[in-house]
Structures are given as structure tokens and as C-alpha cells.
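What follows is a set of structures to go through.
Two complexes come next, and they have one chain in common, subunit A, joined by subunit B in the first and subunit C in the second.
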Partner chain A sequence: MELTDTQIERYSRHIILEEVGLAGQERLLSARVLIVGAGGLGSPAALYLAAAGIGTIGIVDADTVDITNLQRQIAHRTADLGREKVISAAEKMSAINPDITVNTHRLFLQADNIAEVIDGYDFVIDGTDNFAAKFLINDACHFSRKAYVHAGILRFDGQMMTVLPGETACLRCIFGGPPPPGAVPSCSQAGVLGVLGGVLGTLQATEAVKHALGQGTLLTNALLKYNALDLSFRKVPVRRNPICPLCGDAPTITDLHDEALPVCDLKEARP
Partner chain B sequence: MSHSTEPILHIPQSVREDVLAYREKVAAYRRGESNPTAFKAYRVPMGIYEQRTDGRFMVRVRLGAGLALPQQLTRIAALSQAHGNGVLHVTTRQDIQIHDVPIESTPDVLEGLLDGGISSRGGGGNTVRNVSACPRAGRCPQERFDVAPHAISVAEYLLQHRSSFNLPRKYKIAFSGCGTDCALASVADLGFFAKTRDGEQGFLVYAAGGLGGSPRGGIVIEEFIPVAEAVEVAEAIRRVFDKNGDRTNKNRARLRFVLNRLGDNAFKKLYQEELVAVRAEGLAGDPPSVRDLEARFAPQTVLSEAHIEDVQPDLQHLIWPEKAAESVTLRLPLPLGDISAEDLELVAHLAKKHGLGLVGTTQEQELLVYGVRRAELAAALAVLRETIVFSSFRNARPRVVACAGASTCKLGLCLSRGLASAISAAFDAQDVAGGEGAPVIRISGCPNSCGGHHIGAIGLEGRAQRHNGRLLPAYVVLAGGVVSEDGAQLAQPLGVVPARRLPELLAAAVKQGMTGAEDLRRLVAEHAVIPPNPPEDYFYDFGAEVPFSLAGRGPGECGAGVFDVIQLDIREAASALRSSKTVLDDRVRSEELYMSLLAAARSLLVIFGVEVTKEHLIFAAFDRELITPGWVSAASRNVVADALDWRLGGETKSLVQHAESIGELVARITDLFGSLDANLKFRLTPLAEETAAAPSVGAEKAAARADLSGVLCPMNFVKAKVALEKISIGSVLEVILDDGEPIQNVPGSLAEQGHEIISVTPFEGRHLVRIRRLK
Partner chain C sequence: MNVTVNGKATETEAIALGAFLTEQRVKSPDQVSIELNGRILRREEFDSTTISEGDQIEFFYFMGGGRGAY
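Now for the complex of A and B:
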């Protein structure tokens, strides 16, 4: 890979960094990252990763842009109302950085299609808004041994964890599976502070960049809890659970399946 | 019998002045008038090091050619008793160290030494270190001629010039009297071997050897020079070092890195050019004088009726023959080079009463009493028996030499002295015989080779090893080091052994005569294994009461100098300048600009001998020393005037209009600093005289080059990095940078990222920077 003068200028602030340099930028340009969800978390992650020069970015979303999205999903504009989210986001990403390739996947990830989609990527960002999808991503990344970063936001709180399947604690090590329907309200019911997606989505993008560079320490074996009202970050140490149904000593989950979606979330999750 | 009291080495007047000025420096420091870094810059080149224990200092007394008069030893002993811990330490470079001196007593020690005609000046720092010589010079039956007077003459010449105390790094010179190289000349920065050709006395000369990081033997720079030219050669090499040594990287500053960089031929050519220049100019200062020591310390004719007594066979290892049949050298193999003050006084007494009134130190940390009359040997040995240290060397054992190690040295990893004692104890326990032909074991507590492990028949280099997540002290075992006039051969590493297992390994090896590399390799392999659950003592270094760790290790003091102090100020100036650009508030910007100007103005004053702390005095001195002579632009005067006015709340309400001028001034100061030589003189010319200088491009082979003229910050840095990543590690890149911000920032940024800035030279109104990619 030979960078053009324009590319050297574009990425100069990266190249200056001792931990990045020319070689690191070249690694970013050959990295492949999948972002699941072009919403509150996925939007900032997609824009920053595009700007950083992540060479191939896939973006998955089955939805169209709704006016209630615009309070936080910053990849989309008022003029994009009614358009496919993946197309709207891909346009913004290419406008920021024409160097990169954006693959759009307009579909709802399920047990029967997820393996095929994530196959082409090295790192997955979970930017979904429901537990079913989050556990599906967790399981799929486990079976295909893909590193991924989980995040979730609700009201004024966010949480995040990076998983290196088979090496570090996964979502099921901590939570087993989704909470019973109705136990946790969704964003549409409980509300969410718009900038939360910016904070957590940008941290997810940071993990993707670090993973591509091979620099720093990933947020593994720790659950990051963020509260916007107190402006507090807390890293809760966690570890692999020997009785984890997915990656424990005697796993009970041996293939992919879809978790039940609470009825009230159906509109949110499916077109 | 009466002996001459004339010192062996005559202390030059300049050294005398510096020693007498030292008391006031200490007083000023204790009054809080100079900061610790600035004070350290004076202290270390005075031969005074801080020990690992805070607030305690070591004074390293240099002994020309390792020789001392009895009354000088008595004085050293008394000073140690009065101000130190009462134990003296003989070093591998023939100095004697006084330990545990509180800072307030150091002036008394220095002046006391001066009264005795000795000094510690240049004992540390980036200076001409003790000029060493064969420990038996003038006595050894094997020597070609006495080299000690020449070592002393070279030392006296170099010491009188203050430039000898501001070199890029230390400069070690050694003189060997024959090919055996007892003085270790083949691994010195400059090494002389006595030679005779057609009846004329002269030297075979080696240069640029050195142990420590990236050790190497020297290369031959002269096959034969007449003895009278030794001083010229030493001065020429000093100049090569001064002009080409890398002051920006302490770890690659020694002369051998100049040789590695240039290659043998270019190095020799530079040396020859300097030698021609030295001869053309003539030597500056007092002409060197060579005083015959053999004649001065000649043994007296023994009366025929005096009978030669037999010496007990078990003390034969303490007696060395001399050229003169009627006298011998008495050898004291001090354990670890240590001797108590009381014992040292006894040795001085012995030398006066039964010897020639002359005592020597050796590279193996021994003391030698010269010219002991055979007829008085029994009496002399009786005096020796009175010493406390006698019991430790009454049996002949292989010699164990060790550096100071982690107990006092801030660089040390392992307690090398503790290991040395343990090895000696193992030799005693197993009655391992020493004497002629026994291997010398050399131990260094870290890779810096102060114990000379690279040239030991058996060498040990301290390091930390990890086992089950814990650290344990261990040593690399090396074998096969040889020095000689045919060049040095460095010892080769055989493996790493936990410290605990070394005493048994070495006792077994020496006892069974298995000290060759092949036998040793097998023993090392056997002892390298750490058992699965090692006994707890594996994790304790010898003599340590807490488990082994690297706590307390810090950067060495050896390189502290004026340059560090200047750099501190320049960094402060640059950083304040940078901050001034990032704020909008006019008052804060003015504040930062003022701080930048003040630091820049203060930075170079130290080389003019000005040390003031009041701000208006700093600016006044800056005007006098730098503006008036034209080192910096005359326009700076207005800036300074406005700055002071602003500071005092006068009519000037802001300094922002001077931002650009202050930036230029900082850049100019940085350039001036970069052009300083060892005499603390600028190589740049004053602004008024500046003319278009021809580019001086080094003699190295064509390197990759990036012309970054006209490229602004930080793109020039980015492009330099990109170009650097395209060449292989170890290769050199040449970058052309504009004046001002580019030259001010880019080299520093590259150095910060771990690359080596080899040189910065003027180039067609811009700068040519040579950079070596190191990672």
C-alpha cells in the first residue's frame, strides 16, 4: 500500500502519533469493521471510523429514517426522512472520506443470516437497540471468533464491554440471557439522552481503531458503566464464567437462535 | 628514611581554582539559590556523586597512573574518618573513593585533598577521567619502559583545559607497558602500548574502544609514535570526540559510537586531520612535562651483609618481583577493593618505612606497595599482618572484581558486591586455589560493564529474570575475554544463571579447571535451570533483606553537565511559547510570552559563568553577554525592555505584538545551544558577521534524503516520519528543513519518538538534519 500525498496529509495527525505512524495508518486502511445499527450508537461510530480511514466499513440496518431518530442519530438529516438508514449513513461516510469502501446491508440480522454478514469483517460494533439482537451478535461473534464491542444506552446511562470470544468474558458470562420481557423498558418507552449515543458510540469506535492498530488495552473483562447526570465512569471487573451457557465449561447454547422479542419492541426493531 | 613530598601528578592551576570555587557553589545551593539540576551539573564533574541513599555522596579521588604518596593516603584516610564512613574503595580505574560524605562536608574534603596535592576534579561527568597505567609501571620486569610518567604528562596537559570537563561523554585513557595490557588500553577510548623501535621509545595507539552498552575493542590509529607525541595524539582524539560525539543521546555518546557511525577509515582520517591541526597550532597552555619516576623512586643499594629472608610459602602470592633484584612489590588483594581508613594508614606507614614511599592501585582493585626491600620483607609482612584486611587475603584465591552495584549505584540491577563476597566465600569453603594462571572473575551489576565483565576470563552481567511472575536476580555468564596489544577480544555470553547458583557453579568450575568456554557452557546449562518451586532465597539478592526488585533504580548521574541545565531552560522557553499560541486571553498570552522570554534569556548565561535569579538581573546579563556581542538580534533589546515594563505594570499592556520576535529569539537560542562545543563556545558566528556558510555534508555514504523546504509544521514532521518508515531500521535519512519553526520542532519530535539525531548542519540557508531510524 502506497499512500498518496493527499492521504498523507489527510491522516497526518495519525501518522504523527508514535503508536500509529505510517504503518498504523496502513493497518487502518486495510481494516474491516461491521457496524450493526445506523442509529444512536452506530451513527457517531460510522462517521468517526470513516474519518479515521478504516478501509472497509459495513453498516447493517433495516430501518428508514424517522423524525424521532434525529434527536440522536447524527448520521441522518431532516432531508433524509423516509430514506433507508444504511444509504443515508453511507452517503455521509463517503462524503467525509472518499478513500473508504462502505458496504450497506439493509436487513434485520437473524440467526439464519448473521454468520454470512459478519464473515467479511474483522471487528463488529454492536449498535443495536434490543436485547435479542445483542445476544444474537454475542453468540454469532462467539461461534465465528470475531472480536466485538457491546454497548447499550437508556435514559442517562450507558454501558459497554469488548469481547474477544473464547478469551474474555462475553455478554452471557455476565447476564446469561436477555431479561424477561417488560423488565427493562426500551428507549421508546423510557427515553434516552441524545448525546449518550455519541459518548458510547465514539468509545466503541475507539475500540475498533485500537483493535485494528493493535495498540493499547481493550475494554475486556470489564463492564464500563457511564452515567451522564453524575458524569461518572465506572469499570466493573468481570471474568469468564465457567457456567456461561455459551462459552463456559459445559455450554448449553451450541448454535445460533433468535431470542424472543418483547411485543412492544417489534415496531422499533423491525420495519 | 626520608621521601620526596612532591606530588606525582601536579594539579593544574585551573583545577585548583575550580576546587576553591566549589565551596561557594555548595553554599549557594544550600541557600536555595540554584536548583538541584544546576548544582548537579557542577557537582558531578567535580567527581562527587550522589549515592543511592539520599543526601550521601561519594568523592572519587583520581590518582595519576594510579600512584599515590604515603602522606596522600594518610590524608585520604583521615578525610574519610572525619567526613565519611571510614572505608575507602579502590576502583577498577585506579581511583580511590571516599563514601558517605554529607553534602556540606564535600568542600572540606575537596580542599583537604587539594592540600595533599590530589583532587577529584573530573572524577565524574563528561570529562577526561583518570589516566590509568600499568599498575606495576616502573617495577615490572616484563615492561618495555616505564609508561607512568607519560600517563601523568597527558593527564596534566588535558586537566589544565576546562574544555576537558565538557566533552560529549567521558574520555578514558590508558597506558600499558607491554603487550599484556594490564592497563586495559585495548578497550579504552584512547590506549597506548609501549613499543621500542630502533632504540627509540614510542607507542602503538588504539582508539575508540569501550565496554558498557555496545562494547567493542579499539582500532589501531598509530603503529608507532615517539613518546613525545602522546600528548598531541590525546589532544587530537579529544577534538575528534568533542566535534563528532553525540551530545543529544547519552547512551550513544562515547567515542566508539563516532567510530561505528563513520567507519574505520573516515574516523582515522578525521583523527589525522585533527593531529595535523594540533601540530600546526602547537599545544596550548603549559607545555607537557615528563618527569622520570623510576629515577626518583629508585631502590637504594643494599648493604652486602643484609641477608635475604625466606618468606613463608603461603604468602608468596602477595609478593611480586621487581626489576631490581633487591626489592619486591607487596600486593594487597583487597576484597571488593575495600580497605578501612586504619588499614590504609598502616599501608602508608609500611610504604614509608620499608618501601620507596610509593603506593599503587590496580585495575583489579588491589593496592601495591613498591620497592619493599627484600631484607625487610619479614618486617613488612609483620606490619601487613596487623591490618584487619589481611585475614581476607592470606590465602591465594582467584581474584573477584566487582562494580559498586545496586547498593550504592543508581543504575545497578544486582548487588554485585554481595555476589562477589558469596563467590569468595565459596572459594574459601572449597579451598579453591588462586595465584598465577587462575582466572579473574569480573562482575557488573548491570550491562554497563563497570566491573569489566566483557574482558574477564569469566564475566558476570547482572539482570532481572522473571519466574512465576516474580523477579529474581540473575547474571549472564560470559567467558573468553582477552585484552592485549593485538587488540581486545570481548567475552561471549554463555547463558543466564540465577544469582543464587553462581557461587557453587564458579567454585566447581575453577576447582576442576573447567573455565574454558566449552566446559563452562555445560556448567551454565546445568545451573541455568530454575526448579519448579525454587527455594525462597532465589528471589533475594545476596545481602538483601527484601525480595529482589528494580525499585530505586534511576537514571545515572554520570552525564550530568552544563548542557542538561541549558536544555532544561530551552525546553521551558519552547513550551511557554507553545502555550502562548493556544490561549486567546491577552493577559495569559503575555504571561506565557514573558516566561518564554525569561527562560530563553537565562538559558545560555550559565556558559558565561553568570548565575543570577532576579529577573531584571537575568535580562541585564542577557543584554551584556548575548545582545551586545551580537549573538542574538539587537531588536531583542526592545522586546526585553517592553517585557520588563509589562512585568512591572508600566505602559506596556501586552506582549502579544512581540510574539513573533520571541519565537525567533527562542529559535536562535536553540541554534546557539546546538552549536556549543566542549569549550562552551558557539560554533555559530555573531549575527553581524554571519555570511553564507558553505554546506558541510558528512563523509558518510549517500543516505536517503527528503527535501522538506517550504513544507510547514507539522506536515514536515509527518513527511519526515513517512520517509523514515520507508528506510530500514539503523539506516540514515537526511532531511532538509527550513529555519525557524521547522528546525526548532522536527528534530526534537523525531528524537522524542526514539530516533537518533546524528547531526544538524547549516545547508544553503536551511538545515540538513541527519537522522538514524532506531525503531
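Now for the complex of A and C:
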């Protein structure tokens, strides 16, 4: 790949970095990143990865833009209300950087379609808000040996972990599986500080860029815990769990399945 | 007794893990995964687990309980 003069100018602040350089920018331009969810986490990740010149970005979402999204889902504007989120996000990404290819996947990932979708990408960003999707992405990335970064946000808290399947701790190493229905509140029930999506989503984008560049140390075997009120970041070491049902010594999950989505009945709950 | 909870030195009166969760204002054991001295506890172990002096306890919360829309 030969960068044009315009590209050299566009990416000059990257290229001047010793750890990136022309070769690194070329790696970014040939990288393929899938963002699942064009929402609170996915929006900032999508905009920054587009700006960074990640050459191929896939964005998955079946939803349309709702007014309650606009408090945090910064890829969408008031004028986008009712429009498909993937289209709305793709427009903003291409407007920032026409160099890149944006693939829109207007669907919800399920056990029967996820392998096919993630197949075309080198790195996956979990920007979803539900446990069925989170564990499905974890499992699919495990079976496809695809690096991915998990994140979750709720109220004033966020968490994140990068997983190199078969090598480092996965989501099921820590949580086993989804909580019982109703045990954990959702953002719509418990609220979420809008800017949390920006904090965690841009950190996820950073992991994707580092992975593409082959630079630095990924957030593996550690869960990052962030609290906005204390402004505290803690990197809590975790290990692969020998009793993990997916990547442990005697796995009980040997193929993809859909976890049940909870019916909403919030018991009083706050983390 | 002195323990470390989520990286913070903490004093506790609780012995049983259940009582400890209540004391730490964990609303329901279903909301957390618990690591005790570097090992993630099985849910079935929660009832029989006791806390000892010097224990390192970490709560990992489930985050992201939406219903399908991202």
C-alpha cells in the first residue's frame, strides 16, 4: 500500500509517532475491525477508528435512532431520529474519513449468524448492552480465535477487558454466564452517565488500534474498573479460570448458543 | 478483622460470605461474581464460604442488562 500525499498529511500526527510511522499507518489502513452496537460505546469507537484510518470497519446494529439514545450515542444527531443506526453511524464515519470502507450489518447477532459476520474482521469491539450479546460475542470470538474487547457501562461505572481467545481470561472465566433474569438493572432502568460511553468506547478503540499496530500491551488478564464519581481506574488482575465453561479444562460449552434475553422486572438493585 | 475489598483496606464483623455481602451493600449475590484470594468462587460455594483475616476480595459486577437494543 502506497499512501497518497493527502493521506500522509491526514495521518501526519500518527506517522510522526515512532511507534506508528508510515508502516504503522499502513497497518491501520489494512486493519479490519468490527464494532457490535452503534450505541453508547460503539459511537465514539466508530468515530475515532474512522478518523484513525482503520481501513475496514464493520458496524452491527438492527435498531433505529431513538430520542433516549441522543444523551450518549454521539454518532447520531437529532435529525437522525427514526433512521437506521448503522446508516446514521456510517454516514458520520465516511464524512470524517472518506478513505475507509464502512460495512453496515443491520441485524442483531445470534448464534446462527455471528460466525459469518465476524469472519471478515481481525478484531471485535463489544459495544452491546445486553448479556445475551455479550456472552455470544465472547463465545464466537473464542471459537473463531478472534481477539476482542469487552466493555460494559452502568450508572457511574464502567468495565473493560481484552480477550485473546485460548490465551487469556475470557468473560466466562470471570462471570461463568449471564446473571439470572431481573438480578441486574439495565441502563434504561438504572440510568447511565452519558459520557461513560465515551470513556470506555474510546478505550476500546485504543485497544483496537494497538492490536492493529502490534504496539503496547493489551488489557488482557485484567479487568479495568472505572468509576466516574471517584475518578478511579483500577486494573484488576484476573486469570484464566480452570473451571471456565468455555475455555477451562473441561468445557461444557462446545458450540454457539443464544442466551435468553431477560424479561424486564427490576428488583431494587444498584452496583 | 481486616480484609481488602476491591483494593481497599476494610474492617468487617462478618464471617459468612452472605453476611459480608450484606455488610458491603451488595444487594443480591446474583449481581456479582466474587474473587477470593485470586480465585473466582463458584456460585454454589457462596453459602459455605467464610471470610478470614487478610482475605483479598474482589467483586465483579455484571454490567449491561439491556434487552437487545444496543
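Heads up, the rule we're going with is that the second predicted complex is superposed on the first by the 264 of 271 C-alpha atoms of A that agree within 3 Å, B and C clash if a C-alpha of one lies under 4 Å from a C-alpha of the other, contacts with A are read in each partner's own complex, and residues count from 1 in each chain.
In this text, a residue touches a chain if its C-beta (ideal position, glycine included) is under 8 Å from a C-beta of that chain, and two chains touch if they have at least 3 such contacts.
Worth saying up front: this structure is predicted, and the values here are computed from it rather than measured.
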**Prompt:** Touching A:3, do we find subunit B (first), subunit C (second), both, or neither?
**Reply:** first
**Message:** On the A-aligned overlay, A:239 touches which partner chain: subunit B = first, subunit C = second, or both, or neither?
**Reply:** second
**Message:** Between subunit B and subunit C, whom does A:86 touch in the aligned arrangement: first, second, both, or neither?
**Reply:** neither
**Message:** Contact-wise, after the overlay, does A:12 reach subunit B, subunit C, both or neither (first, second, both, neither)?
**Reply:** first
**Item:** Per-residue contact with subunit A, leading partner among subunit C and subunit B
**Value:** C
**Message:** In the overlaid three-chain picture, which partner chain does A:23 touch, first (subunit B) or second (subunit C), both, or neither?
**Reply:** first
**Request:** Could you tell me which stretches of subunit A are touched by subunit B in one complex and by subunit C in the other?
**Result:** none
**Complete:** The residues of subunit B that touch subunit A in their complex are 714-715, 717-719, 721-722, 725-726, 749, 752-754
**Residues of subunit A that touch subunit C when the two form their complex** = 36-39, 42, 60-61, 63, 85, 108, 127-134, 152-154, 157-159, 173-176, 178-180, 183-189, 223, 225, 234, 236, 238-239, 241, 243, 261-262, 264, 267-271
**Request:** Note which residues of subunit C are touching subunit A in the complex, please.
**Result:** 6-7, 27-28, 30-31, 33, 35, 38, 40, 42-43, 58, 60-70
**Complete:** The subunit A residues in contact with subunit B across the complex are 3, 8-9, 12, 15-16, 18, 21-23
